[in-house]
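Listed next: structures, encoded as structure tokens.
The two complexes that follow have subunit A in common; it is paired with subunit B in the first and with subunit C in the second.
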Partner chain A sequence: MKISRTILSFISAIVILFSTSVTSFSKVVGDKIVLGAAISLTGKYSSNGVHTQNGYNMAVDRINNMGGVKVGGKTYKFEIIYYDDESNPKRAAQLAERLISQDGVEFMLGPYSSGLTKAIAPVTEKYGVPMVEANGASRSLFTKGYKYLFAVLAPANLYLDVAIDLAVEKNNGKPVTVAMAFEQDAFSQDVRLGVLDAIKRTGSKKVIDDKLPKELNDMAATLVKVKQMKPDVLVVSGHTKGALTAIRQIAEMKVDVPMLAMTHCDAAKLSKQHGKNSQYALCASQWHKTLTYKDNFFKDGMKYAADFEKEFGYDPPYQSAESSAALLVFKDAFERANSFDQKKVRDALAATNMQTFYGNIKFAEGGQNVDKPMVLFQVMCDGSGKCENKVVAPTKWASAKLIHPIPKWSER
Partner chain B sequence: MDFMVFQYPMITVQACLDGLLLGILFALIAYGMALQWGVMNIINIAQGDLVILGGYIAYFMYLYGIHPAWGVIVSPIIMYFIGVGIYKLVINKVVDRDLFISILATFGISILFMQLMNFAFGADVVLANSGYGTTMLFDNNVTLPNSKIFSAVISIVFAIGLVIYMKKSKLGRAIRATAQNSRAAKILGVDTEKVYAATFGINAALCGVAGALISITFTIHPYMGLPYTIRSFMIVIVAGLGNLPGVAMSGMGLGVFEEFADYILGTEFRIGAVFLLLVLILVYRRFKLSRKREYLK
Partner chain C sequence: MSKNILLYSAILIFGLIAPFVFPAFKVQLSILCVLIVLATTWNIQGGEMGYNTFGNILFYGLGMYLCASVQVGMFFPLAEWTESGGEKTFVHTPAQFFQGMAVGLVVAAVVPTIVAGLIGYAILGLRGHYFAICTLGLGVAAGEISGGIEIIGAGQGFTTPPFPEVGGLEARGEFFYFLSFGALILTFVAVRAIYSTRFRLILNAIRDNEDKAEAMGIETMKYKIIGWMVSAFFCGLAGGIMGGLVGYIDSTDVAFDGREMGVFMVLMAILGGKGTLWGPVIGATVFHIFKEGFWTFFLGWQYVALGVLIVVIVIYFPEGIMGWLREKYPEKFGEVIDEKDRKAQVELK
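Now for the complex of A and B:
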């Protein structure tokens, strides 16, 4: 009895070992398409890393439950191998190597942040592994001539140029004065370039051009200058700490500026952390649940948000939505390629032209999505102090009218 | 380079006031560092991380609906015990060793704290809203957030309280005796082990107060501790050990210096300017020491 149990456990151990090694040494096993992803589950990007992972998982479940991926008359299901990159670019690059050369993954999903995507892209490119990423917006990703990199999101230089256009429009088409404060990381600097382009295009003038440090928690100096120079627009981009610091100090120092535009408002949970003080801030976003794009899997933004909240217990930030969209793109490409050949899938990805609940997706030569405009929402509060983000631009998707200029502090 | 700060007198005033208020807060953190450096000969690299941890305590009170200002009472109490715990676990093993060993040990504690805080509280930048308004001066040209004024006042209260405690209480006298000569203190019946633990605890408590104030005035994040360590290190270097007026003065000086560096060089060089100043001061002190042909006591 005892011996047979030992033999049984020995055999099952071998079976388990065998089955796992089979899964990990081939990208399509039985009816599974195995995708690889290095995600920041610990370290400084861990909260957005988790949003990304939740987005991926949500889409995998949905696609698998709704019939999976049909290739060559057979139905396949998605599966993802995750590794934790610890928010560290070096580690991310190592893990990409490992996923490809040891685990035999032939298709990759992107990590969180431009920096980490930059670290992984050379690896996937070297092995000719198609990667659909959803969280690296830096323009420099799309100018390197990568052939296997596809991003479902709009590049960083398009984040806030809309705000300048909007300010000019509100100024009856006349140029405006702009104060800028940007962190010195790849992403924010790209946002800055976009704003500079818009300033040039509209004949506007920049009056302040401050750079913010990584360990920012005090931008009083910039705001004092803003008070002195009285620009028409103040643009701030410094991730969540930039958004939080700006709102806190603008309220404390009673800085009056007709338009305040920033990034990372929803990630910073501005309206929750600052309540009424965050009112009227304009925020660039890749996606908002009220947008009316549609697809067969998630129906639309509102439905996606409701389903996501049911599963994960919080309102989906755009990082989750774009991550889900990456899986939809992969599914579409596999089916059009009707093959698991990396080259063919790559070509199918390049020819993508579809609508998802997250937006239209069509890739340019460099791999960035050129068919989805950024949206701007404005934080609006009601009398009881409850604040909401409402889309105000582009006008086609707007659910509320832009409040401009921002009322002075003395009149609030 | 931007010399706007000198072109408009109001901006100069604003920069000076901001710097002074900030400097008083820095001085509080630096005082804790000086105390423990003087008593135990330990340079605590984890100082800034203790500050951030103290900030999280105030933040969580705020999350649960308690006004974060109460954090300046609750946070030091919790932090005192955390400080004593760290001492019992790690510091007591390195306290008599080479300075380098203690730097390594506290560096390790710093990394551990960063990761633990990140794990426990998440990587989001957070803050606690005090709801204090703003004081307007000079026709609304100079604005002082009341939260900053509150921070400065609380820092001064704690600093004065600590000075009195060190002078009057039994433990305070024991701490000072140990700082002067630990062996002699031991011979005379002072339980130096207990004194060390209390000193580390008091330092952690001061960090707790400062952290609570920082969560009210600025933002906190698990990885934001290091700049506070650097600043307090630098203030102590300038002021010397056991010199409280010196710590206060050099703290305020550093605050004003930072503000002006921010205006003139740009916000991105703010911390860089502090580092540069630190290097200059170290070089200068070394130069001065070698000229006087003194030996370090």
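Now for the complex of A and C:
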């Protein structure tokens, strides 16, 4: 074949291209500690990806402005290299590899969602890169024996089991009937497991157990069944889109159910987007601004929320708060390790025991945060139609009383 | 001939030393190998046979799930491994990991081949747009179905066995690189051998005029099915390798990823020039380099940049890079223009 030469020259072109693009800089450049993060800037998790990124950026600015990180008598500042993982686990795994082997990153922050964290964890583990993640709650992340994975949040199975307990309590301790609809993804399926456990524990009965597609925007079929079966509790989980879809269609179809429990209400800005339609929805949350935890950087939840609102123009969902907390954990660990040695930093992370505005942080063997309970809040509206999220459980943090059962649509 | 040997040995040497010369790019190079395999096998249908399929992603995803399932299932109870929340942790010994991978890859290649035979028998009677749409459905359906099967993790996804503690930090990358490079060589050699037989001519005959081919006594259905089975074999193999490389299988985002991989394999073959041996190879390489570049330099706008690239390809290189080269330098492709004859024809007018 005569085209051989063309192809040969083509190959040499690639060789040249590759060799010129090999750039490797290491984790601590001058006075900077470079962290790597793959974030969903596009794709189905893009809104939560941005919440995560805003949380990270907010904490980086705050820590840097308040003196940075002191290691070995020297002051360092945080810097984050971001890549867009397109909400795709395959891409996320590649990016983790790229951050570590090409960009020379030695410490990582987590992506958004359990699925993507699951894809990244094997890579960081292989290279011994400590990763503090704030948005991967799936229980199976913490049972794989990962040594370099630390999550500042409570595992996903603890999200909504409290809601079932609450429903049973309101039913005078008698079992309830539960309708469930969960998205087909790692996180929501784990929430489902937690709910199933609670159903079993309380002797309750599941009457509907539907799977919702990814990228969901219609769950009318499930809601028709709910109308027929009249369960005591309806549980829905499917990230931001799940929350938005559920509220929109429940209002459209005037579905009456005594208790509606969901996840991601604050990330979806439900009370703002759907106003009164979202009223009475019960939501699982890792954090709420009214909780009274404190730290030196953000002071407390209210102050954090106010600062966040000033910078980004909206009320921080818990995804942002926990992401900010991840940076506080890293800073604390670096200073205690007093070194940039990955093993030492890892050990320091494992020994973390601190309070942040977001909650107490202490890691179990598997890497999950065991020192911070979940809270449930309910969307409550006043006469003028202004809606707010108010914590209703656990009682220790409650700022309002649970409204139960939810009034029928005909009576609203 | 000597030039050919020179070319092939150059590629082989480049392939063998690449992971050591560019250690940071091992994963990208591995993925490149997988992409070339996918584009090359798509070209058998889309290029040589004229059947535009979006269904090859089915075999890729199937291979991925099969390889991982076998690798786990050979040594541990699969249901407990994939059980969400799995309270137990199983660890593969190095021997178990590699044995499992070896058997898994064989299964990942063979089963999709059989599936391709069965499905092909059912749907290869369709032609043109009807076939394309039917295969589009295959990939989508497979994604949804696999997302509901508990034993392979359903919506939770499937974490493939972590690479065992052998070799240094680089061992995992090198292992998967050479695995995918091996798959690439196997695919290329096999496809090249097939293309040098009458088989290719039959596929071309089907593309150019299927009815005529049939009238000539060719059992077109048989060849169409065999062609698809060949594709499925290598797609399954590529899927199995990719599953191990990514480390986490998700039904619609990683395995039956019709929206990305399924479309990319078509794009790469068209970019390089369909219906040629080298087209998909060049197409995949150029595509991968551009894609990685866009993802680095146009963060946030990468898909816009990719979209522009596709538009440019369609407008300026409708026949792909190889087609464009062929038009520009026909003599390099062994096409001789008889000047005298050409002039004679012009003068006749």
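What we mean here is this: the second predicted complex is superposed on the first by the 387 of 412 C-alpha atoms of A that agree within 3 Å, B and C clash if a C-alpha of one lies under 4 Å from a C-alpha of the other, contacts with A are read in each partner's own complex, and residues count from 1 in each chain.
We take it that contacts are C-beta pairs under 8 Å (C-beta built on N, C-alpha and C of every residue); 3 or more make two chains touch, one makes a residue touch a chain.
This is a predicted model, so every value here is computed, not measured.
> Name the contact category of A:V224: first (subunit B only), second (subunit C only), both, or neither.
The answer is first: A:V224 touches subunit B but not subunit C.
> In the overlaid three-chain picture, which partner chain does A:H51 touch, first (subunit B) or second (subunit C), both, or neither?
Touch status of A:H51: no partner.
> Quick one: is A:K144 in contact with subunit B, with subunit C, with both, or with neither? Answer first, second, both or neither.
Touch partner of A:K144: subunit C, not subunit B.
> With both complexes superposed on chain A, which partner does A:S188 reach: first (subunit B), second (subunit C), both or neither?
The second partner, subunit C, only.
> Which partner reaches more residues of subunit A, subunit B or subunit C?
Higher number of touched subunit A residues: C.
> Should A:A119 be classified as contacting the first partner (subunit B), the second (subunit C), both, or neither?
After superposing on A, A:A119 lies in contact with subunit C but is clear of subunit B.
> Name the contact category of A:Y127: first (subunit B only), second (subunit C only), both, or neither.
In the superposed model, A:Y127 contacts subunit C only, not subunit B.
> Could you say whether A:K254 touches subunit B, subunit C, both of them, or neither, answering first, second, both or neither?
The first partner, subunit B, only.
> With the two structures laid over each other on chain A, which partner does A:K289 touch: subunit B (first), subunit C (second), both, or neither?
After superposing on A, A:K289 lies clear of both subunit B and subunit C.
> With the two complexes superposed on chain A, say which partner A:R346 touches: subunit B (first), subunit C (second), both, or neither.
Neither partner.
> So subunit A touches subunit B in one structure and subunit C in the other; where do those two contact lists coincide?
42, 87, 184, 211, 213
> Mind pulling up the subunit C residues that touch subunit A in the complex?
Touching subunit A: residues 3-4, 6-7, 10-11, 14, 21-28, 31, 84-89, 91, 144, 147-148, 154-157, 159, 162-163, 169, 172-173, 242, 245-248, 250-254, 257, 260, 278, 282, 285, 289, 295, 299-300, 302-303, 325, 329, 331-334 of subunit C.
> In their complex, what parts of subunit B are in touch with subunit A?
Listed in rising order, the residues of subunit B that touch subunit A are 4, 8, 11, 14-15, 18, 22, 115, 118-119, 122-127, 129, 134, 136, 140, 143, 145, 147, 214, 218-219, 221-224, 226-227, 259, 262-263, 266-272.
> Applying the document's contact rule, which stretches of subunit A touch subunit C when the two form their complex?
Against subunit C, subunit A makes touches at 1-8, 10-11, 14-15, 17-19, 22, 24, 41-42, 82-84, 87-90, 93-94, 97-98, 101-102, 115, 118-119, 122-123, 125-128, 138-140, 143-145, 157, 182-186, 188-190, 193, 211, 213-214.
> Over in the complex, which subunit A residues touch subunit B? Could you list them?
42-48, 87, 181, 184, 210-213, 215-222, 224-225, 228, 239-241, 244-245, 248-249, 252-254, 268-269, 273-275
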